[in-house]
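We call the chains A, B, C, D, E, F, G, H, I, J, K and L, going by the order they appear; numbering starts again at 1 in every chain.
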């Protein structure tokens, strides 16, 4: 196995639907410019409230991707 | 922009269905007496187990609301 | 009330569907050998990414169960 | 089981005698105005020193109580 | 010395000028309804940015006050 | 000195009397099945409240024991 | 509201004058190449000392900015 | 009020009897050489186990004292 | 891919030689009774000192292994 | 470059004026007896309140200084 | 001294040999595209296990580099 | 067993060679003036980078020693 090096970036995604959706939105948007993403890890789960209801979910994640040669 | 002051309270909500539902239950119950809630942030996600299955989800959140003049 | 003693173990469950499913998978698998599980508490929420999408969710939980006489 | 919502408050109690006493003092004083307290959790244990001896104990706790309908 | 009991609340104050000002704004606004505040402790220092400059500072503090008889 | 290996387990003990008693209860119950326990370390101190008084103390500890040959 | 995705970067700014200045220096320098910065959050406040006086302040911040389409 | 400066030291005390005793032992021993101790704050509570019983308690505390002119 | 469930245990290993050796000792000793260990993660690095020199290294790790069917 | 060894001490400084002043007061007072201080790092920012206003700021810092031969 | 601004990135390096090697691999790979790296700080030390032995070490570090004019 | 009291100090050691060496350098230098050091515990592992390579390792440790009568 080669000595892989990963870079880790931090992203925040939002969704009106669910925590999982907020994470997926962040990952899919980032995949437009970042290749070889391998894993993520949730840092914080937050959200906005309007009129006494959760209006959207916001999740901050770290994402690791391999630096290719 | 005015110099807003927010108060932050801590709540625990429960639901048999999902993490998002447990958060929504806490926010909606609190909205009966607290006005102008703006954001929340998850502190802990826990739950109770009965007969080898998750019986209900319990989420502890912080909720911020503006102190009105 | 008796002076209960609990043991706490740490588990990681995975699921292609949701965070709640990953937790349920860990609890149900553990219930084959561990009796009297009472509560859990999420430690970390992570996951694997393939081709710019979340492929599966991985949740690390602590689970408490009573030590029976 | 209903979908209970809890509110969590933070208190500091003091006692010249012991850590347990400082917690009891905070809980008993709060019970004059807060009903349905269910659990507490210690946040910090501190104290004041005079003439090379612990003069009183101070314990900061979080206390959860049900919001009744 | 009596066995004092303190209650601790969490506030967020904002200011366009400085971190100290954001804290003072939170304390002074709260003093309109909360008596006998004794100490505070900074939890988080944040802020908003517009056009590449810090537009206002936001500080989250815990404030302790004595519960009077 | 040999290269000792320790295993660390997590336990929660309860007592109506004191924090020390809750720890002792966990250690003594565990000693029925675990040999060679050497040290413990408190993780969390919590408790249950009934009618405005602490009803019992609950302490979560980590306990280390040597794995014997 | 659209499903915004933010990227979060970490910066350290320094200033001989104040904590606020050190943060402003980091934000203004970064704004030369990063557009749409929205918020920051202080991670660590440090500094260097020479001849028994604080010579300069160093603040490590996280900065969030929107990823534009 | 003068601009007091405090120094903070870290101590570990032990006792066969209780957590409070272990703290008192550390404070009293330190008072032989350190004057003007004002407050302490518990960092860790640990202990040693022999034959399935807690043999002694060990508490790590931070202690603050004024630097006198 | 199946929905794997992992169990995570905590171990402390020691070595007179190096941090890596202390980890290897814990992993190799545990492998006598635990099958299918997959990853570890360092929790704490400590050690004992005698006559002003490090006498042995002690590393506390978490180890994850698959629960097989 | 020589293999420098630093000692790190913890100090609390106070000031009626600002957070920066409280840090400077701690550093300048300590410089009367401690030579070769090189850096500091803020641990906690607190303060006292009187009559609904911040009366003085208190900052706890760690300070590193070289141990000279 | 100029008011330096640093950017901080997070990397994960791996090595079959040692913790130090895993860090060096991350730093050397990153140096192909990042200039002026000045310091690093270890965030997590992990690794993979195969057949009861550590197969490779994985270290997550933060690296700071100056943003040049 | 007597009721031992320990004092805990914080040190930073450096070495061009390894993490273990940086710790040993701190312990050996401190042993010139501090007697009866018993244990250490790593707080932070850092280092300096020059020309894309780790130039030296820096480790911050806490060291405990008995206060003798």
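Here is the rule we go by: a residue touches a chain if its C-beta (ideal position, glycine included) is under 8 Å from a C-beta of that chain, and two chains touch if they have at least 3 such contacts.
Nothing here was measured: the structure is a model prediction, and the numbers come from that model.
Both subunit F and subunit H derive from one sequence, and where they touch, under half of the residue numbers involved are common to the two copies.
Inter-chain centre distance (subunit D to subunit F, centres taken as mean C-alpha positions): 22 Å. Separating the CA-averaged centres of subunit G and subunit L is a span of 32 Å.
The set of subunit I residues touching two or more other chains comprises 9-10, 19, 30.
Taken pairwise by the contact criterion, the protein chains fit none of the simple patterns, being neither a path, a ring, a star nor fully connected. Listed by label, the pairs of touching chains are A-B, A-C, A-G, A-K, B-C, B-D, B-E, C-F, C-I, D-E, D-F, D-H, E-G, E-J, F-H, F-I, G-J, G-K, H-J, H-L, I-K, I-L, J-L, K-L.
Across the interface of their complex, subunit H is touched by residues 9-16, 22, 25-26, 29-30, 55-56, 60 of subunit J. The part of subunit D that touches subunit F in the complex is made up of residues 19-20, 23-24, 27-28, 30-31, 37-42, 63. Per the touch definition, subunit B reaches subunit C in the complex via residues 18-19, 44-49, 51-54, 57.
On the subunit I side of its complex with subunit C, the touching residues are 1, 3-10, 62, 64, 67.
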